[in-house]
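Each of the next two complexes has chain A plus one more chain, namely chain B in the first and chain C in the second.
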Partner chain A sequence: MPKLARSQWYDLTRDMNWDLRYVSEEEAFPTDMSDARGVPAQEWWRWDEPYKISYGEYVHNQADKDASVYSVNSAIGRSHIFEDLDAGWRSAIVAHYGAIAVPEYVAGIGESRMARFGRAAAWRNMATYGTLDETRHGQIQAYFAHSLLDKEPRADWAHKALHTNEWGAIAARSLFDDMFTGNDAVSTALQLTFTFETGFTNLQFLGMAADALKVGDVDFGALISSIQTDEARHAQQGEPTLRILVANGQKQEAQRLIEHMFWRSWHVFALLTGLSMDYYTPLEQRNHSFKEFMNEWIVKQFMDQFRDFGMDLPWYWEEHFLSELDWYHHALHLGVWFWRPTVWWNPDAGVSPDERDWFEDKYPGWNDSFGRWWDVIGENARRGEIAQTLPETFPMVCNMCQIPVVTPAGYAAGYLSSTVPHVLDYNGRRYTFCSVPCKWIFESSPERFAGHTTIVDRLLGGEIQPPTVEGALRYMGLSPEECGDDATGYAWAHATRSAPSAAGVA
Partner chain B sequence: MTTAPPTSSAAHTDPTGMVTPASAGPGRRRPRTWSLLGDVRRKPTPYEIVTSRFHYHFRRQPAPFEMSPDTPLNLWYLKHREGSPLQVEDWEAFRDPDKLTYQSYVARQADSEVVIDGIVDQYEARDHDASLDPRWVAALAKIYVPSRFALHVMQMSALYLGQMAPSAFITNAAHFQAGDELRRIQWVAYRSKSLSLCHGGNLGESKPAREVWEQHVAWQPAREVLERLLVAYDWGESFVALNLAVKPALDLVLTDTLAEVAEANGDGLLAAIGRELSLDGSRSKRWSAALARFALEADPQVRPLLEGWVQRWSEPAARGAEALAGLLSDAPRPGPAAAEVATKVRDQHQALLAECGL
Partner chain C sequence: MAALPIQGIVRGDFVVHLVAVDDTDSVATVADKVAQHVVGRRLPPHEGERSVLVAGEVVDADQTIAQAGVGPLDVVEVVLG
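Let's look at the complex of A and B:
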């Protein structure tokens, strides 16, 4: 091996900052793409990444990781493991691929934005690795999903979801375009890497990887745990960026950026991970609840992280965020299951008698709050009156998170004081929000969101024809075969409680 | 090391890496693949499966990104990508001749890094640095050590091209190229530090290298064209300026000519590293020429546009290369005269343009 250790020469590759002479600073780092928040150029040169790696180390590590994960996929592809997986878990996988594979690929564009418009060479180098990482994540997840097509035609959504106007795809695009594809470099460092990748990807990638291994889905488990090792590295771009902003009097702006994206991430991941962990994962493998994962991976970690950087907890922490941990994803699950033809996966109701006991244990009061709606749905299902369990109208959709407004369910469950959504009149148009923080995000930068229309705005505006459920499904790109249906054919409605000792004996 | 993603056993791979179907006969089921690829007649290759139609935001209505259509980033993309004069109907039909995926890129580069590690190892075992003429080391301090600043600008520029390109087939090739530049920079840093340990001086410090880049008269033409390259924001112009003008010209001096002169000055190590790294430069030329040919075939009307950009950027690039070549005349065994290098830059540029069909 070459004699010099990385530490002996590495700094020379970081210190490549210079004063521009032939073009101006604003020309080379325009505010639209870079937005240094007025922090002078040379202040950014102090940017210091906590994690260092050479190109040689990078390509060796990554080639080995890819070889290992692709060979698992190749071996699993020849087996019947996927067909034997629990139906609800398969739905979780299909939902994941649609919402995550292509967004991860375009996170590479967010990374290359930082790698071009970040204000320090050291940062640009780290983001160059990040660009490559995200190319990996988009490609490897697409490849795995593609290998499922013969067994699961809905794996096609791994590739096409973001090309459609399916409402969940709009919500994902809205989140990720706001977070990185359509964002400036400095905001991206705080919102993608500091806020999202240090917390929420852990939740989806490590939490779900643990579940995958318990369920027996070695393929998915190997895939996403390998991805997370990259995330853990390039996520560290946020910290030095935050330090420089805080040191230069921009703490308030940094706080706003983080609060904005934390809330948006929470809502989309309550939808994706919340439903997958608590309702779609088979009960036998459902050791931790989504709320417990949130407490462990997000609440504790963010509180530590905020304290370490001298930041304040988001203003909505207690009253809105911690409160929603008890009810928001349960309300979303009711809505997603009811409007199941509008999603590309088969929602698993996940409310058999044994599962309801689990909910009562993990979320005390669940049977009285959410269970009572499922009593009615289950009764209809048992009578074969499936039409009673399907939608004929549309919900309101939040003008910020693009997720249907579920405040009535939050109110009925006793967590909100009113069923009424939050509204704002701005420049002659009325906007509707599912929550106080969603409204606050809009009001903090209305120019970023005001010209956007939700899927319901489009319906009411005549863009979706005919304005019926069928017309909307066509607009969303869902063929009749692709529309979601109950994952287990309503088996949960007919299930009986297992004998008290059964679990122990098994 | 790594293997290519497995392909169906019912198919076979031809020498170009393309997978052909086991049978296209009547009655056979169409290969199952992404629905967005349409009614495909052959099974897409792994390269196509993980690259085709990933840019959901290109030419999306009413704006690329799911936010107010008039946000700065939407307007930026509408102006510099959708609004670029360089348009063809279907950018998705372009293919990188090397068909690189992330997996094949890191596997290939890991092997190539093993080659360079081996070269460095051999020379270090012979205490190579001690054998170098101090006057050669002094010449390196002027042209080689500060070159990492120039390479970094090319890294930034490739990353811009990648984020603005209209299809992932182009984006990925550009992003891998940015990785290549980072690699080159790290070997410059390694060798700079190594030389400083043997020959002292300030070769291993940043400030003097930066001063050469910012102030030495021989660096200014290159620096000027590179700084201006950073603000060539139209995606098409940024592609032509970087890959059909500035990078080929500067690479010729900073990698190829430098390697020749290094050999003449007893620096076989630098020459061997340069030769290995120039494989990355050759790959950049391959996909760039292929992209230019693709655009010309897709729409012959883009010819004057491409030619205009080539004309705008190639002379400043050649002047930058020529001025840098002048620094090699300080070597104990001087390199070719600057004018000779300039001629070579122009000749090689003509050859590249011929490859492009320009």
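Let's look at the complex of A and C:
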């Protein structure tokens, strides 16, 4: 029996919309789940994804990808490659698995919500592949991490982290619940796929893949570059959704949704990718800075996209976002290192004399602003006064991004006009924010965020007993063996500057 | 005497701390309690004067922190002289 050419059946099978007669539009697509923003049903039927694929093609492609990646994992698993990797890089891997593996699996909920409540059949079709993608990403990253257990026991945080109340896990859950677990289909398309996956996942999955290959981590490089091929496909649900909203007078609402999630994504990626790229990746393999990656893959891409859609740049672009590129992740790194027992990986200080030269080159003024704090810490480390390099209380944590409040660093580095965090009293409760945009997101829909508690709120509310650092570590699920420590045993504090190369001397 | 959690900053440091003080503590004592998390840890040892700002205004070091108008989770900033 002759087969039809793909072009003869594709549109019919992927895009079969129909008028509802037995139920109302609201019954089939409840606002909580779908929220069309008043755009009529048939307008949504214009939804057209730029990348088309049939189910047979999808299965064939995915099977090939899995065969390739799992064979790399099998071969690497029999080697000592992981043990021989740089200690800082191993920390980046362990941090990645804990922060990403389970959230990817949970992203399947967001995709499957769009697969049911997306407003066009073509969209629902695309989201079905997205659901399968995210299931794959959860499973494959849990599997790869599991294969490391005999070499790095904390690789089990790939599964454990998001089931704990560790502060970084709270930050990740808060972000992803807002982005997709507790979001309607239309918002998810703009906030998860257009904002988060189109731009930011490139940073972690392609930028880190490039670094992985340079440091010799073939296993991780193969894994995350394979994942990104899926992300690049299902991320395209955002663009047609945005086009329909803009064409139907909802540009302002689309703008708000993107501004909201761009900011939240930026803060979490500054924490995860910023530290990994600038501090945990070995200096010899660190060609580009995190800021350079951000400029190339986020700033330029978003400016192009916003121009193409006739959108405005986010209101906070110049004053807050571009400004934070110079200082925010450096402050977070210092905080994560100082509070290192509270994370499931070993933070690499990454501030040896050679590395400090690199920072001064990439971030002029780094030594005057950030280096002077490391001077004192390094002096304590050299004297063996390690207790002085460890915390005795908690940092305040932002009620939006759930990340420690580092406004004093922005002030000290010359980027903020005040050290003081942004405070809001709402319904008898005090909320503290690390930035103007974090406060703006809260005030845009306070009923959505007011009930959430940060790790500090939980401490003050009596949930953490005893209310000490030790009690908090237990609350966060960190046994003494799991608590982070300096990745190199403070070798950075004793290191001396490398001799200039022959070329440099000449 | 009641426990009073405040947001403590030492100007020149990088982070805002949660600091547990008593509402009967003098402003000077609160400054010590805030500074102990920073001085000698990320800022060099400091023996000189220090002033305390609440809502941007310098407050008298001899009064209690409650008399200075500081309530739960108010921001107290220590400036090393």
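In the analysis below, the second predicted complex is superposed on the first by the 498 of 506 C-alpha atoms of A that agree within 3 Å, B and C clash if a C-alpha of one lies under 4 Å from a C-alpha of the other, contacts with A are read in each partner's own complex, and residues count from 1 in each chain.
The rule we apply is simple: contacts are C-beta pairs under 8 Å (C-beta built on N, C-alpha and C of every residue); 3 or more make two chains touch, one makes a residue touch a chain.
The structure presented is a predicted model; accordingly, all values stated were derived computationally and were not measured.
J.: Clash or fit: chain B against chain C, after overlaying the two structures on chain A?
T.: When both complexes are placed onto chain A, chain B and chain C end up side by side without any clash.
J.: Applying the document's definition of touch, where does A:404 land relative to chain B and chain C: first, second, both, or neither?
T.: So A:404 only meets chain C here.
J.: Once the shared chain is lined up, is A:391 touching chain B (first), chain C (second), both, or neither of them?
T.: second
J.: Please work out whether A:485 is in contact with chain B alone, chain C alone, both, or neither, and reply first, second, both or neither.
T.: neither
J.: For the superposed arrangement, I'd like the angle with vertex at the C-alpha centre of chain A and ends at chain B and chain C, nearest 10 degrees.
T.: An angle of 140 degrees, rounded.
J.: Is it chain B or chain C that touches the larger share of residues in chain A?
T.: Touched residues of chain A are more numerous for B.
J.: Once chain A of both complexes is superposed, is A:419 in touch with chain B (first), chain C (second), both, or neither?
T.: second
J.: Classify the contacts of A:9 with the two partner chains as first (chain B alone), second (chain C alone), both, or neither.
T.: A:9: touches chain B, not chain C.
J.: If we overlay the two complexes on their shared chain A, which of chain B and chain C does A:116 touch? Say first, second, both or neither.
T.: first
J.: Can you give the closest approach of chain B to chain C, taken over C-alpha atoms and in whole Å, for the superposition?
T.: 21
J.: Of the residues on chain A, which ones does chain B touch that chain C also touches?
T.: none
J.: Show me the residue ranges of chain B that touch chain A in the complex, using the header's touch definition.
T.: Touching chain A: residues 1-3, 5-6, 32-36, 46, 49-51, 53-57, 64-76, 101-103, 105-107, 109-110, 113, 116-117, 120-121, 124, 148-149, 152, 155-157, 159-160, 162-163, 168, 171-172, 175-176, 178-179, 182-183, 185-186, 188-190, 192-194, 197, 204, 206, 209-210, 213-214, 223-224, 227-228, 230-231 of chain B.
J.: Touching residues of chain A toward chain B in the complex: what are they?
T.: 1-4, 8-13, 15-23, 27-28, 31-33, 54-56, 58-60, 62-64, 66-67, 70-71, 73-74, 77, 102, 105-106, 108-109, 112-113, 115-116, 121, 124-125, 127-129, 131-132, 135-136, 138-140, 142-143, 146, 149-150, 156, 159-160, 162-163, 170, 173-174, 177-178, 181-184, 402, 447-452
J.: Going by the contact rule set out above, which residues of chain C touch chain A in the complex?
T.: 5, 7, 9-20, 36-37, 40-44, 56, 72-73, 75, 77
J.: Touching residues of chain A toward chain C in the complex: what are they?
T.: Touching chain C from chain A are residues 331, 334-335, 338, 370, 373, 376-377, 380, 388-389, 391-396, 404-409, 411-412, 419-421, 423, 430, 432, 456, 459-460.
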